[in-house]
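Read from first to last, the chains carry the letters A, B, C and D; within each, the first residue is number 1.
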Amino acid sequence: MSAFANSLASAAVVVTVGAVVVLWRHRLRSIVAALSVQGVALAATAALLGIHEHDRGLLAVAGLVLLVKAAVVPGLLARVVAANPGARESDPLVNVPASLVVAGLLTLGAFVAARPIVALVGGPTGRLVPLGLATVLIGFFAMVARRRAMSQVVGLLLVDNGIALVAFLVTSGVPVIVEFGSTLDVLFGVVVLRVLLARLSAAGFSDLDQLRSLHD
Amino acid sequence: MNLASLLVGAVQLALVVLGGPLLLGLMRVVRSRLEGRVGPPVSQPWRDIAKLARKQRTRPSESSWIFAVAPLVLVATAATVAVLAPLVTLAPPLASSTDFIAVIFVLLVGSVALALAALDTATAFGGMGASRALTIGALVEPALLVAVLALSMPLHSTNLIAIVANGSRHASTLLGPSHLLALCSFIVVILAESGRLPVDNPSTHLELTMIYEALILEYSGPDLAAVTLGESMRLAIWLGLFVNLVAPVGIAATAHPLALVVGLVALTLKVVVVGIVVAIFEVTTAKLRLFRLPELLAGGFILAVLGVVTGAVMR
Amino acid sequence: MIVLALVAGLGVLATLTALVPRAVRVKLVAGLLGLVEIVGGATAIRVLATNHAIVGHTSSLVPFTGVRIDLTPLGALFTLTTAVVAIAATIHWVGYRRHAMSSVSLSSAFALFVTSLLLVPAAGDIVTFLVLWEVMALSSLVLVAHDHAKRDETRQAAWWYGAMTQGGAALITLGLVVLGGHAANPSFSAIAASASHLPAATRGAVFLVLLVGFGSKAGLVPAHVWLPRAHAEAPAPASALLSGAMVNLGIYGIVLARTLLGVGATWWWLVAGFFGVISALYGSLYAATSTDLKRLLAYSTSDNMGLVVIGLSASGLFAAHNAAASSLALIATLVLVTAHALYKSTLFLGAGSVQYATDERDLDRLGGLARTMPVTTAVIVVGALAVAALPPLNGFGAEWLVVQSLVHGLSGADPVTTVATAVFVAALALTGGLTIVAFVKAVGVGFLGRARSESAEHAREVPVSMRIAPAITAAACVALGVAPGLAITAISRASDAVAPNRSGLTATLSGFHLQALRSAVDPLALALGAVAAALVVAGLRRAGGPRTGAKLRVFEPWGSGRAVTSARMQYTATSFAEPLQRVFDDVLAPQHDLDVSHVLESRYYVERVAYASANDDIVERRLYRPVLALAAVLGVRARGLANGSVHRYLAYGFVVLVIALVVVS
Amino acid sequence: MNLRHSLQLRHVDAGSCNGCEIEIGSVFGPVYDAERIGARLVASPRHADALLVTGPVTHNMASPLERTYLAMPEPRLVIALGDCARDCGVFSGGYAVAGAVADVVPVDLEIPGCPPHPDEIVSALRRFTNR
């Protein structure tokens, strides 16, 4: 097993583990921290690929990912959390052990479902696609199973990170410009969501199920 | 099985028997220092055991032979594993049949014996301890066996010696994400199996918060000495196995005396380091509520599952 | 052939002997049955030793097809296992007779049941198989319903058992008849030869039908609902046979389906594996939370059969890419089946002895039996440790082999198989942990500590035959545990009959060795090492103690300074399982009922608090009850069709006749 | 009796005003740290070498105290901690008081004081642990 393959796999695994930690921990601060670590791992994946394939553009993308997904976005979310530092996901819709078991099943499912992509791409990168797919699925599940608005935003970002990971692995870097565009989109989205979150919490909503009352 | 390997087994047994209580003492010292106390000497558990050995045994009037036999089973199973496991050397007796699953199940016999003995005392505390300890044991099991599955994937063998030897020969296996994930899950398992924080507080005096301590409230004298010794041996074995799975540095590949000395020193150093780390971790952690424990154990389980998936992916 | 005829003949003779006067009945029937079992067992041993099937055909007895016998090594293994269990059960029965087991109907049903159990695996064609299967089902139904006049639960159990077993038999008949019709020959060997020409969809459908039919016999969830009822209500020797022998035949049926249909597609075994996993988890969870000793054992049977089916599925899944792991999984499965037969019959016979001595099955009303019934307790402890898969007993070797096959099956596996294997291992592990909880609870609450009721306190050890019977099977558990080599040759021959053994498994007398796969385990060495160490520690303990005064003092249990006088201060089976029940609250959905009544004068004073919690079978509650309720509603509606008018009834007949003619033309 | 540097204590509050308990707490705290001389509080009298009794023995606690003493394995010691444990102190003659500790179980060592200073407690314990 080459050092490249091992470290690339480790970085990809950290992305998936980051998603698992979001389901695992209750404290919103830990959840945002996990997101940040995931951003670092994602940047590391891109950087490793860039170094391996001598692709400057990919290195630049890695830098951007590091900036946006490991620093800026978690930083924005952390400021929302800072308003209420002890905030917890105390009573999720699906309890933590069950969520983790579901996450395990999703990972196994991703492994089966990614077979065609793995067969198509192959090599030390393509075979890691199941981990990205698992991150996407876990992110979706986090949005379904968690109550706090913050967790939902994080879930969305998990999905995005998972897609980014798959994109890196499958194409060894989408055209750089596309990646730039999508990363900035995410940044823009988070800024909007951050404002929305601040408004929501100012209005006294933290549990999204409470929004139902607006309907009535 | 020849004479040399038997001798090696005896060396390992002696190390675990002598070192187990010292490890416990060391962890208590580290804890005390971090709490700003001088703390007991490292040899305190041995002093306790020596004193207990000269005291009277007591037996609750309702108990049966199970109560009397359990401490023996606890020590005997730990001793069996101490002889067979790859701790100091890769050449213990019966190396070809030192199976990971067998090791786990032999240690499990000790836990079951202690739980039965606790129920045999006819007290509420005993039943409580047995119920909690076994509940945790049941929930740990998936994480443990799936972690073993992940560790066994490079060789498709659960032979413990082969796994450790493979790690010492191919360092890249040790750095593989699958191996690392399995070991992370293994940490959770060890904390739970040996009753350390955040699963159980080994120094609690409150019966209602107890898990493992509640099992042994009725033992006294030589029985208690045996239980203390057995528990510390089990802790030493778990940590010893863990360090050799993480970094089988210095482990003796043969039964050569010099290699054995190196192995002995290496193992001691590694276990001391890990013991100190665990003790530091314990000081900085609060005990989890019993019904939050499934979260921790499920976390260990999913890490192991990820380990298996990664291992399969990387193939 | 002749010996099998002898078995059948003696069996029928034993059945008829039940008509002799009561005074000598049990002894005579038991004697003849013992002969049947010994001859049957010896025949099976001969088949296994020579590796030659006993084949025979006679055109008499059954019209059109006659009777065909084909006792392969696979069948012989099941017959042999049954014979051992049946010998123990028969010995136990001799002591158990006080419990109305000596009536004519029950004696003859018992004899017929044992005989049919021995002969089912010897059936060589569909008709013989189904006839024997029905005899087995009906005779066991009589045994389950033994106490129907007195107990409502027994009647219920008999209804459930009868309905489920007949439903299963109908499915089996359907599946086998489709195969036999295609082969135009009822014999199994002809079917096996021709089944490969069937379209894949048909083969898959037949496999599913047979899986469900045989699975219901093996007690797989969700077709397990009869099991906790029937096993709990049947008299002990019959429960031992139901759990130690009859459910095995469900497994035999699934293996038979594989020999008839071939390994087939991956999805077959994924479906089977799914049911295996569900059964294992569900059974072990309910075993861990049951408080009735025999229900606990019955759920554990469901769990063990789930594990067996997991093993069979692994064997099927691995067949394509890893023949070694596949054959190892099959061997492991058969080892598990035999191990289960031995330890579960030990436990059921032991539970029967307890019921005999105390009239109690509720763990919360037992306790303290270790001192009053030492032999029975020791036997139960052996059985419990074996079912918990602890070394050095036979359950451990079986579980170890299953895990080994899963570990090795990963080599070369495609993602689907990998995922299935990981799920199997996780299920196996959780099941193992829950089983330990269940059986520590059964032993710890039921047999240790202080007696929890009058009847438990005054229990007396049971008659000698009832002590010997479970001791035989318990001894077999120990023997096959420390020396698995005793049985492994026979078992690998049996599995060779299905798929050739490529695993490189060899067994010395003391352990399993998988040379090719670099794994081995040596329970005997482990046991000897542990015993030696225990003796050393015991010696040290003896040498210790104070210089003066008594070395051992017996004193009341420590109750934090209070005198512990009540057995009610102990943990009960319910409280023991409470943490688990809370962890799995979403799955079990137990029903709690808290009823607080206040005194008349003030709401602030409570007069009485009643708390009831029921943990009934959730599959039964959520799946069967609604269906049964619907059927009942439809039945009431249908009553309108029958208003008593003869003309109307004749009109129905006429309409049906017309429709039939239209359809036919 | 030589306890070889190891002394497990079972503490029983037989009716104390909790003054002595506070001192015991600090005996095992960072300043006086009795654990360094090998003393330890344990959760069960079966594990204990010595019974550490505080307070006058009230009627309700007389029987539990005696049971606790009997539950200990031999050889066993009793330490009466504080003036109340020695002679009922200010509670002497109270309607709830059954007597001093020595009236219920045989006392091996008395530590005077109301409450005794942690230093005195530690030095008293040292007489058993020889450290």
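Keep this in mind: a contact is a pair of C-beta atoms (placed from the backbone, for glycine too) under 8 Å apart; a residue touches a chain by one contact, two chains touch by 3 or more.
Bear in mind the structure is a predicted one, so any value in this text is a computation, not a measurement.
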| request: For the pairs C-D and B-D, output the one whose chains share more C-beta pairs in contact. | output: B-D
| note | Per the C-alpha centroid definition, the whole-Å distance linking chain C and chain D comes out as 57
| Hey, how far is the Cα centre of chain A from the one of chain B, in Å? | 36
| query | Between chain A and chain D, what is the separation of their C-alpha centroids in Å? | reply | 59
| Hey, what residues on chain A touch two or more of the other chains? | 97, 108, 111
| field | In chain C, residues with contacts to at least two other chains | value | 415, 418, 422, 546, 549-550, 553, 555-556, 558, 560, 583
| note | Touching at least 2 other chains, the residues of chain D are 44, 46, 71, 73-75
| Chain pairs in mutual contact under the definition given at the outset | A-B, A-C, B-C, B-D, C-D
| field | Of chain C, residues touching chain A in the complex | value | 414-416, 418-419, 422-423, 583, 586
| query | Which residues, counting only chain D, touch chain B once they are in their complex? | reply | 3-6, 8, 29-30, 33, 35-36, 38, 40-44, 46-47, 49, 71-75
| chain D residues touching chain C - in the complex, by the definition given at the top | 12, 44-46, 61, 63-65, 67-68, 70-71, 73-75
| In the complex with chain B, residue positions of chain A that touch it | 1, 3, 5-6, 9-10, 12-13, 16-17, 20, 24, 96-97, 100-101, 103-104, 107-108, 111, 127-128, 130-131, 134
| remark: chain A partner, complex, touching residues on chain B are 172-173, 175-177, 180-181, 294-295, 297-299, 301-303, 305-306, 309-310, 312-314
